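Below you'll find the structure, written out as structure tokens, and then a few comments.
Letters A, B, C, D and E name the chains as they come in the text, with residue numbers starting at 1 for each one.
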Amino acid sequence: RADLLDDIMAAKKIRIATDLAIPPSGMMDGSMKPTGSDVETAQLLAKDWGLELEFIQTTGATRIPNVQTNKADIIISTLSVTPERAKVIDFSKPYAALQSVVGCLKAVQVKDWPDLKGKTIAVSRGTTQDTALTNMKDRELTLARFDDDATMVTAAVSGQADCMATSATIVNQVGVKNPARPFEPKVLITTFDLAIGIRKGEPRLVEKLNEWVSANLKNGKLNEIYKKFHGSELPAAMLQ
Amino acid sequence: MDTNGAVVSARDVHKSFGPLKVLDGIDFEVQRGEVMVIIGRSGSGKSTALRCLDRFETIDEGEIIVCGHHVSDPNIDLRALRQDVGIVFQSYNLFPHLTVEENIILAPCSVKRASKTAAKEQAKRVLAQVGLEEKLHYYPEQLSGGQQQRAAIARSLAMQPKVMLFDEVTSALDPELTGEVLKVIEALAADGMTMVMVTHEMGFAKGIADQVLFMHRGKVHESGPATILTSPTTPELAQFVGKEL
Amino acid sequence: MDTNGAVVSARDVHKSFGPLKVLDGIDFEVQRGEVMVIIGRSGSGKSTALRCLDRFETIDEGEIIVCGHHVSDPNIDLRALRQDVGIVFQSYNLFPHLTVEENIILAPCSVKRASKTAAKEQAKRVLAQVGLEEKLHYYPEQLSGGQQQRAAIARSLAMQPKVMLFDEVTSALDPELTGEVLKVIEALAADGMTMVMVTHEMGFAKGIADQVLFMHRGKVHESGPATILTSPTTPELAQFVGKEL
Amino acid sequence: MNLILDFPAILERWPLFLDGAWLTLQLALIATLLGGVIGVVGAMGRRSSNAVLSRICTIYVEGIRNTPLLVQIFLVYFGLASLGLKFSAFTVAAAALTINVGAYTTEIIRAGFDAVPRGQIEAAEGLALSRAQIYWNVILWPGIEKVYPALTSQFVLLMLASSVTSQISAEELTAVANYVQSDTYRAFETYILVAIVYVILSLIMRAGFWALGLVIFPRRRRLGTPL
Amino acid sequence: MGGSLNANHLLFLGHGALWTIGLSLIAFAGGGIAAFIIALCRISPNRAVRIVTAGYVQLIQGTPLLVIMFLSYFGLSAIGFSISPLAAAGASLTVYVSAYLGEIWRGCIQAVPKPQWEAAEGLALTKAERMTKVILPQAIRIATPPTVGFMVQIIKNTSLASVVGFVELARAGQIINNSLFEPFLTYSVIAVIYFALCYPISRLSRRLERRSGLPRIKPVTA
């Protein structure tokens, strides 16, 4: 069968699967236009390659099947790279990284992992934060999993949870929503690499994406996008 | 109202269904232990009159007193009335989801708080009275028409009411069974039970009635002892019983 | 099977409900225009026998032929059979969601493709035959027992079948109306309609029967012309009709 | 196609699925039992001659039936928490599902009650049964019998709908599926497996209803007419 | 993230609501017809037909709509039959509705007393006439509340079509909520819109119930 890269080029169009309900990577702005760091990354890619861009709206669960069944060409939708996932799809070079933290109410005394014992930590189900904390069996953490970030934030705002494991960006956002319950990052989990997802068996496309990522990390464009939505720079090591 | 010791008394009862005047001033009295038979053409209001006595229809005008209960009073205690009055409907209305036995013991057990064993004993007895003892554990849909009718009679008898209202309870019975039911009713009357029956079987009426009420066009057209059936005085009754005046 | 020109013929019909043997070898034949009356005690299987003729019950053994239809054949064309055979059930089974008129015109309009006006004309006519013309637009539950029964008769007549099966169709009727229905049936018989009726009214049976079948314990215990009712030869029939032998 | 199904990778997480299935079943059972009771009471309320009571029941039915379960669950879970009342996700999930299915069963059972012929009720009245006795003996069981298949379907639907409670951190079957599939990116395998588990759960529920039917409708059993 | 609910959001929700309506209509039309056939098959005199449809009902009723949608869109695609999201959603909803409504209707049809069936047969009505003129009119009254109850559930369940890429009402709300982080407000608006879609159906059913079936007059006998 034909090579996917050729198909894309021939069609002069690239179909990118993105979940538009995971701010600040994919979301809608006030006039209901897609925006977010992944959205702009996708737009940059399409522009650089001179292609028309079509967003394939997905939910978290259908990002992968969309490329597997050729309903989308690639995924740019906060995919963090894990070995388990790499068995199913191919990843490009990381184009961004996500700092995952456990954030708690400012007033709560938390310095390190042991302090979290007995506290309910809200987390978005199936995210890398979820997996990471779930695997920390010996730390005896209590997790409450919600289906998406908004619900998780609501849990924190409404008092169902005093801690949450997510990106630092979101932790800081809670205080904006409810000044009476400001949150701050307390414990760093780790930094996850975010990469573009491609279905298995398309080495040429992966190669070309890698080139593009490297180039745009170097020229600072990806960092700019990241800073715009996440409020911090990409790790310096990535920009080399 | 003075009921002259009557167990059932109706005074000037009126009842309409919409524009249709079904009862147009009915009066009668039934003494204790008496059997009153209501006859009349189909649609003449016999069932309606009977249903009014047990307040399944509310009347528009008039007064009905049964066993001391003012039936026409809107605040009547219906349950008290119906403990004293038993009724067998023209369409039986057996409970289809209960066996014959369950149909019969239901009311004694729940209303009279009879023990289950006692109620079952009694169920057997009343069923035997109507010749249906072997169908104890049948469901209504497994019974023939006449068997259903007898089960309905048995169900009412089991409550041992003071007054029984029978709506054409021998309509599905053959002559032989009709004779047997006649005997049951006579025995009940002898025990002091008061009965009002609607029937269109003149033989049955003659055999049982202390008093006959002939209804015609919503009125009591002729009434009197059973002998009016053999020697009617109005042409309508004469025509009804198939006699020349 | 040779039916000797009989319109209805039953040969050695057996039918059980579980352990209960209801029909235990029934034989009879009805010629065209003949009225056969089935009598017997309540529960003796009369309704069952009638229902077998129109295949509302399947028989265990034996053979039934009605109007040339092999009823006992599993592959029978039921609609064809039932266009030739009309049945009035013991419990009427009127359609409660339709008015009397709609009940009556339903089958002629859909099965016989009669025009609505023609069917309505005919509905009026058959209703008049049973004295119910004024209840055309009533719903069944607004009718008295006898009125329902007559509506059911009218509904069957409207289909103008070749054979009519009547299950106690005068049970809810007073003597006067019974007489009128008797006249209707006689007229139908004179027109060549074949009829099988179950009844427990001996007067009615005597007035109408060309042939009487007395059922007892699942068998045809005695049969013959209507005169067997007045001079029975078996003690059971004698007891049934209330005569000493 | 470069889609290769790899079930062992999913199946090795069977304890998670088992826990999820068990929680789903628990939620379904609780909501079925309590929702059934609410349905009966609600149906009686809807039919009541007391205008206020019947109005309240109608508002309950219409309010619940016509709004999404998810919103109801959110309101209970986060709303109560905002007021300082914290309940476990399981408690809230069970309560919200019960309230939800109660509204549907109220209507279904009411239809069954309404279908009991008037003559039946008259016969019971004639036997001097009290209102409660009439309801219990003559209306309740025959009424439920008439709508039993619809009820069964509704409760199976409820069992599937309980997946919504994953939104408020109840770790039921769908939640487990979502977790596993985003951890492994094996959506096909996960969904197929989870569908099989749901079918098994629904079989269990149906079998339960069938058995219950045999007990509460002895006539059906004895006459051999299926429900 | 952040910001507040504005007219654009409402417009977006309105657009989502249109999809909800469209998908619901497909579900009602396709599912209704299929359900009727299923109901008839479930009471077929042919044992094999009955068993097969019972198996179908059991299987479909037990499978979450989400999974049905997922498999019909991605699954079919994976084995080489690519269908459009609309076709996938429409087919899934049809299949799903047919199993539930079919079962509900079967029960209601069978709740019509046996003598009524016999009377209709005795008048030589065809199977179709028997159904449409005698059985269904009587079954409708008891079928209406469960049917309507199920229909309003379907309207809400069309939200699962988000799995094949539809942004209908619920997904639109989720997207907005995930931009605004205002769940109470967003979901209240969604609830109101759903209510506006569903309530008319409930009202209609009440009408239908009152009109169909028996006249509400106290019976004399029977």
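Here, contacts are C-beta pairs under 8 Å (C-beta built on N, C-alpha and C of every residue); 3 or more make two chains touch, one makes a residue touch a chain.
All figures in this text were calculated on a predicted structure; none of them were measured in a lab.
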Report summary line: Chain-touch separation of chain A and chain C, in steps, is 2
Query raised in the report: Which chains share more C-beta contacts than any other pair?
Result: D-E
Requested in this report: For chain C and chain E, let me know how many angstrom lie between their CA-based centres, rounded off.
Outcome: 45
**Report entry** chain B-chain D separation of Cα centroids, rounded to whole Å
**Finding:** 46
**Report entry** Geometric centre distance via CA averages, chain E-chain D, whole Å
**Finding:** 17
Report summary line: Taking each chain's centre as the mean of its CA atoms, chain A sits from chain D at a distance in Å of 37
**Report entry** Residue list for chain E, restricted to those that touch at least two other chains
**Finding:** 70, 74, 78, 183, 218-222
Report summary line: Going by residue number, chain C touches two or more other chains at 91, 141-145
Query raised in the report: Residues of chain A touching 2+ other chains?
Result: 61-62, 65, 68-69, 151, 154
Query raised in the report: What residues of chain C sit close enough to touch chain E in their complex?
Result: 54, 56, 78-79, 82-83, 86-87, 89, 91-98, 106-107, 110-111, 139-145, 148, 155-156, 159
Report summary line: Counting only contacts in the complex, chain D reaches chain E at residues 1, 3, 62, 65-71, 74-75, 78-79, 104, 107-108, 110-112, 114-115, 118-119, 145-150, 152-154, 156-157, 160-161, 163, 174, 187-188, 191-192, 194-195, 198-203, 206, 227
Report task. Show which residues of chain E lie in contact with chain C when the two form their complex. Result -> 115-116, 118-126, 129, 133-134, 137-138, 212-215, 217, 219-222
Report task. Would you mind writing out the residues of chain E in touch with chain A in their complex? Result -> 1-3, 6, 8-9, 11-12, 70, 74, 77-78, 82, 162-165, 167, 171, 174-179, 181, 183
Report summary line: Interface with chain B, chain C side, in the complex: residues 17, 39-43, 46-48, 90-91, 142-147, 150, 167-168, 171-179, 200, 202, 239-242
